[in-house]
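Listed next: structures, encoded as structure tokens.
Common to both upcoming complexes is subunit A, partnered first by subunit B, then by subunit C.
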Partner chain A sequence: MNQHSTITSSYSGLRSISMLPLARSFVTVVLSTVVLIIVCSIFAPSSVSLGALEGSLPFAAVIAIVGLGQLLVVQQGGFDLSLPGAVSLAVVVSTHYPQQDNSLLPMAVVVALGFALVAGVINGILVSIFNLNAIIATIGVNALLYGAVFAVSGGVPSITTTLLAEIAGGTTFGIPNSVFFAAAALMVVSFMLKKTVMGRRFEAIGANPLAAQAVGLQVRRHQMMAYVLAQLLYCMAGILISGITREPTAFQGDTLLLPSVAVVVLGGTSLLGGRGYPISTVIAAFFLNQLSQFALAVGVPYSAQTIIQALALGFGIGVYSVRWTGNSSKQTKNVKMEDTNDLQVS
Partner chain B sequence: MKIVAAKKLIVKANDADAPVSGDVTIALTNISKFYSGVPALRDVSVEFYAGEVHAILGENGAGKSTLMNVMSGTIFPELGDVTFEGKRVTNMSPEIAASLGISISFQHPAILEDLSVLENLQVALPAALFAGQSAQAVAQKMLDAVGLHIPLRTRADELTVAEKHLLEIAKALAINPKVLILDEPTASLDQDATDMLFGRIRDVVKRGTSVVYITHRLAEIRQIAQRVTVLRDGRKRGTGLVKDFSDAEILAMIVGRTLGSAFPPKSKNTATESAFSVVQLGGKGFSGVSFDMTRGQIIGVAGVAGNGQSELMRALAGLQSSTGTIKLDGLNLKSKELLQEAAFMPSDRHSEGLASGLSVRENASFAALEKFTTNGIMSQKKELSGVAATFGSLAVKTASLEAPILSLSGGNQQKVVMTRALLSDPRIIIADEPTQGVDVGARAEIYRILREVSDKGTPVIVNSSDAAELEGLCDKVIVLSRGRVVDTLIGADVKEAHIVAAAVNAHGHADEGGTANGVKATGGWRHFLQSDNAPAVPLSLVIILLGLFVFSQNTNFLSVFNIYNILMLATALGFIAMGQTVALLMGGIDLSVGPLVGFLVVVASFFINDDKSVATIAMGFALMFALAFAVGAINGILIRFANFTAIAATLAVYVALQGMSFLLRDQPDGYINARVVELVTWQWGPLPVAFIILVIFAVVGEYLLRQSKLGWQLRATGSDEESARRIGVWTDGTFVGGYILSSLLTACGAIMLMTQIGVGDPRQGVNYTLASITAVVLGGTSLRGGRGTFIGTVLGAVLLTEVLNTVTFLGLTQTYQYIFQGLLIIAAALIYSTVRRSAEA
Partner chain C sequence: MIYKSLKLAAATAVLALGCANAALADVPSWCGPKKATIALLDGYGGNSWRQVTTASGKQTASLCPSITSYEYADGNGDTQKSISDIKGMAAKGVDALVVFGDAGPAMLPAITSVFKAGKVIVPYRVNVGGKEGENYTKFIGSSFKDDGASWGNWIKGVLPKGGNVLFLSGPAGNSQGLDELAGLKSVLGAEYVFVNPEPFAVTNWDPALTQKVLTAEIAKNAKIDVIVSDFGPSLVGALPLFGKSGKSIPALATSDGNSLGCFWTDVNKDNPDFKLFTVATGNDNVRLAVEHAVAAATGGTPPTEQIFKAPSFEDSTKGNVQCRKDLPGAIYLSSELPADEQAKAVK
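Moving on to the complex of A and B:
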């Protein structure tokens, strides 16, 4: 204990926000990304050319946004398998409803957001009020969302509106607009988590719901909020996809489920819940997307992309599991054992 | 050995009428055990004689449990020897202990709640015990021996705590042990059950068993034990024949430990106005508790651990419902209001006190965040100065406010919890074991802080299993035994000896849930309703009714062709869902089954073609199963040995398999051998032969699940991994094996799917993940693990297929396929969870 300096009133000297808790995952993911960019520029320079980035960044942005949504749910110890249906529904609503009529687009966006709210509330009620297993509840809601997808689209793709293509698919100062959307989503999520009472409670509840319950926080309400906000983010991602892709399919969300989980894990958030790292998650989205680009550039067939994602997920868990052992049951038990032992000799 | 012999002589010399003590069964010599340098046992030597009850006495933390764990091989001492029947045992482990005939009844019974009473006995005891005669008869004898009168097929979660203890004791007695260790066996038993237990103990002692009886209750020792050893601070304070000691002498050996930390002066406040009072408070674990306190007083709650103190504390903090009156500053408070007004310091810091992922600052502030805002936005400045100010007055030692909370010492962690409590401006402080796991120096500071808070007028209530601590800290102490106040000590009477005497001399017995016969004998029908297979009835009804309804709309629905068609589709799903059932039974999930089935079909499409030889085709089948085996092993190993959650592991495998399918075939190709298709789709009346095979699989699987050691172990692991390990189940192996089994069953499904699509198509199969989980949930398998049924799963698969078929028959769009599927799974999950919750209530 001697190595701890006794701090009394000098606490105020520590005003600068220390990056300690953030540092680990942040450093890991930034370093990996830098290494990847270096590797790319040596072995597949085409994948980091400006043109290639302009083409691939929108997809990274979409992954970042769904990743942020999944992050909120995972942080509360949940898991959201309704992401594919949610994204697909937002895609078909924002393409089928206006049928290339720009004036109908705002209404379409409102309708899509309405669907997202409803889906989020249903997920939240099933998980936090009825205590259903998050996987089962979100699998069921995913099926319902796909029901809606078919009701809206009949399963066939529709061409996107020019307005949406301009907004979501265009560029500003040479940067794809979708990147700005992702940045905005990141800022909102980060601000909410770090700077609002609600967000800070949300983090505490995710880190230990029992401790939060013991001080009288509204655990269920916050858990429910996670599912609603996640749906809104999925909806945003879906609408962006409609703008980025000329003729998006009705199953656009299917390929996003694993990347959403992978970036959450690569960003350093434990799948068992706890603190979430929004910035790292967004960087991880860029990393994952760039990894795919690199693989394509060096000639890995497109069909093998998912294998790379699976490996990335495995790698992420492998890297952080060393660090996150504090969450695994075995380690917790050891901690508890020591405690009781202390007690026995006290 | 010389000393032992000498002692034995003494025993015989001055104790003519005592039961004849045999030889030393187990002897501990100079045992020392340290935990991170701190001794838990110091140089303890005890001999246990055959045919004798030897009581081990001591306060909480005196070293009793450590001693017991050394004997049962759960922990290994740093110094000293364990000698069993004269032979030194150098590598004592739970397995060796069991083989030597050392059996133990844990204070917290290792009972698996999802298994029946009979299965609990069968999974824990060696099969040899049940050989020769019917298992029921053997098990019934074991229950009769402890006076436990409950039907063998009762699920263990319906047992009362007392019944679970008796079942635990029955298990320990069943193997006719040479050494029987009983850890607080009567804690939850009523008078009759205690008398019965003592009778049983006397029986086994007559047969020469050496009984080690760990207890807190002085009165019981006189009733049952011949010899007693008292531990204090990890040292042996005395040993000898019970009749040679007076109660006062034994008590003197128990108490009087050195504390080493200073206490603040007690309250000088002479106010008489009541600040906080409780009248006739009752709830789970305690009843009829009344006390009141004036401003400036600290009240202590004492008693032997587990006598309702922690429940009382939770009720006072508003975390547990209670009846009776709680008055704070003259106002009645309900539980909900208490939760807001009271600051609770939990005894289990790690599970309930600390958010381990957060920093020191965040841990300190999360109960009072609204204090640190400017216009609704968190102000870092306010937060830092607020936390720092309290840290200063509590002398919290931390390297930085942003340090991880777990980097702090136990004492400083506890001070962070106190900081959180104080920052929330509580009107009362409820501290449950505030110095547990806290070093001596920090203890004194915690006492000082509690006293300061109390002096400022906030009532403080402290629960502690450490009587000396209560003596030093409190102005008033209430002593609980079996949930009731047995003594209230005030002022000068607040002495360790008085507290311990009140706690250990209490004669009361549990009067709530203590009866040994809480479960009524149930009829066959009622029993069936509670069984895992109960959902089969409503499921079958729904299947038939839905069939009749669609038949009334379209008579072709029940044509031979359509029935065959539905059952054929249900067979593929049924096999895969059986695999999924195995995963859910273990409390896991297997998301990879869908892509696996697709992948295996793609693999098959390279080998099982029209132009291939029989050998190649056979190889194709073998390869399918080999690959399934490998995938299952990867799932299991990732989950058990690489820290993956079940979802993460199987999701990663899910995506990888999808990629592999596309690597092997980017377009549908490779037509499946027509002869093979013909064989697999063989029809018998309206029934596919494959479906009959599926039913046989389900019935055999169901039998194995309930009647074989492997089945019990699988369910035990899913039900409660920790208890399963304690009774000797190899849980890691069970998990990996379970995931392999899941994949192999999926391979059977792949053979069915292969004949249905007839070609290697990389896009097929993925939907089976969702469908299999839906079928299993419909079938009534619990998502929490431990409970499930293959028969229900098969019915679930049939129902799901029927519903999807109905959609096409009624001319509905694909929209309804998805919506029905979604509604089915949510409705089933809601219904089953509601039914279970009401059954548990």
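Moving on to the complex of A and C:
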């Protein structure tokens, strides 16, 4: 009984400490996004027009979903480099298996999810049970997944089914459907991480696996869970891409790996693991996508487009770092206050 | 009875001789009497265009009975692998090599070493630098400038008073896009304004990026009169964006693909401005390269053409857009390879 209450109080303490960094990263990424939108409306108003947003938001939604998956893995101190293979496999399974026959689509989705589960479990076993370096293990699994991509598709693109194009590429109340999928993924991940016992344990383990093991938490199971859930999110993103682009290539996941890590970092999550910021990650996905849309809309040469993106990305991360060091003393004070509040409430 | 049998035998003999003559007559002039083996070396074989091309090359080689084997290697987009593929094939004793040198001049040393070792080697389509007779047997290019000029002439026909042109090509700085632009500009005057960033909007020939680029261009330019793209099928997912902005899809000058033809057939009634013009996407470029390689290896007469010129294929203003809904979207009806065989190749 006594032991139980100690664990509970350390949990509530942990939660309250982590409330503030969430607010800070949230404020930072929202501020950066607002600045970007203001810059867009001055220098490239077309990039924030309704038509442009409707066209680009689906891609932001896809980045947000893969970002959430990467977030879970990064929280456990890992990196998931099997993302390109996972997304591409979901793309080819959901386009090649049905061959434009709507009635086969549900089965294709089930098959894609099956592949995702298997890949997630393999990643999880390699990293959490065999203690392989996450980067090495996931690179290997990525190669396996690409093997499956070639086995399914032969590397050839296939046209998507009309049903999937309608579901993933359509709009409801003028908002692209993929945005709703991203919102749903965000809600599930946020709720699970922040409001369930399992989620709290998950974050505690990410912050310090050794300490977590010492207090009797199932470290391996939670680490494995990160890889499995991440794969399911990649799978969802892949299926959405198949609907958004009418004839996706068999390598559609390749361009998503770097953005997935970038949005996790922009969202304020430490690459060393621990606390994760799902909402900030999703906003960062919008930021990153809007940034590339801005670079396209200003109509400068391709070389300048990439430079603009790099500078703005550096600025986004820079702002975050500056606030981090500048407010450290204030932060400690606030944390203490928050701690007291939390204790009073509980 | 014996007489009857003799008559039958004579008839059979005549028939057999006739067939043999016909078979001899069918042997193309580029196919000489010397036995040889040939290999096609692809830099990157992972899309339907390449698979149709490979099948076309194989079919061309099979027309020559002197060719005893046709081999294929895919570099998987890896320059190192492409180089070792070339050297490996030569070491294996293959007599003639046809090379799609995706990596460009990086392939030249390997090509040169194989040529110096006395093999027939014919790079095609992608310029690898070097000189004929010094680095390789022959280079069979494709006239992208002519494609640009064909598009330009058609645009002049549908938009005689000029207009806003959006030109999309692949990766930044790719020579195909630059050649096509030179062709376009050789025909179109100042009244045709290019609204894309110089020299072309970069799409990497990736349908997702194409969609993003087109979104930005539609938002930025109130009026786009004609889109020019060197990979038509990658636009199929992006063109409906015009409808979402309440505009008609504009005229489109591009290369062909079954999915594009079918898309035009489906939506042209709702999009009055959507006129379509395509040039053949050029799968048959490989045929000319194989013919030259086989001629050099077997002692045949090489074809007189040295550059593949893609013919015009579809023009909606003349009502000849083609669509085969029963076959995959990823085939090219402009290719000489029959559509059903292409469908098998891309499956």
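Just a few scattered comments:
Everything below uses one rule, namely that the second predicted complex is superposed on the first by the 280 of 346 C-alpha atoms of A that agree within 3 Å, B and C clash if a C-alpha of one lies under 4 Å from a C-alpha of the other, contacts with A are read in each partner's own complex, and residues count from 1 in each chain.
As a convention for this text, contacts are C-beta pairs under 8 Å (C-beta built on N, C-alpha and C of every residue); 3 or more make two chains touch, one makes a residue touch a chain.
All of these numbers come straight from a predicted model, not from anything done at the bench.
Contacts of A:R275 after superposition: subunit B is touched, whereas subunit C is not reached. When both complexes are overlaid on chain A, the residue A:S49 reaches subunit C alone and has no touch with subunit B. Within the superposed three-chain model, A:T249 lies in touch with subunit C and out of touch with subunit B [touch as defined at top]. Of the two partner chains, subunit B is the only one touched by A:E203; subunit C is not. In the superposition on chain A, contact of A:P106 is made with neither subunit B nor subunit C. In the superposition on chain A, contact of A:K194 is made with subunit B only, not with subunit C. When both complexes are overlaid on chain A, the residue A:G170 reaches neither subunit B nor subunit C.
In the superposition on chain A, contact is made by A:S303 with both subunit B and subunit C.
Taking subunit A as the reference chain, the count of touched residues is higher for B when subunit B and subunit C are set side by side.
Using the contact criterion defined above for the overlaid structures, shared-chain residue A:S158 touches subunit C, although it does not reach subunit B. Applying the stated touch rule to the two superposed structures, the overlap between the subunit B and subunit C interfaces on subunit A comprises residues 150, 154-155, 301, 303.
The touching residues of subunit A, when paired with subunit B in their complex, are 1, 3-9, 11-12, 14-15, 17-18, 20-21, 79, 126, 130-133, 135-137, 139-151, 154-155, 194-197, 200-201, 203-204, 207-208, 210-217, 257-258, 261, 265, 270-272, 274-275, 301, 303-311, 313-314, 317-318, 321, 324-329, 332, 335-336, 338-346. Residues 44, 46-47, 49, 51-52, 54-56, 59, 150, 154-159, 171, 241, 244-252, 255, 292-293, 296-297, 299-303 of subunit A touch subunit C in their complex. Against subunit A, in their complex, subunit C makes its touches with residues 45-48, 51, 172, 196-198, 202, 206-209, 211-220, 233-234, 236-237, 241, 244-245, 259, 328-330, 346-347.
Taken in their complex, subunit B has these residues touching subunit A: 35-36, 38-40, 60-63, 65-66, 233-234, 317-319, 339-340, 343-344, 346, 348-359, 362, 365-367, 369-370, 373, 376-378, 380-381, 384-385, 387-389, 391-392, 395-404, 406, 408-410, 412, 420, 424, 435-439, 466, 589, 638, 642-645, 647-648, 651-656, 658-660, 662-663, 666, 721, 762, 770, 773-774, 777, 783-784, 813-819, 821-823, 825-826, 829-830, 833.
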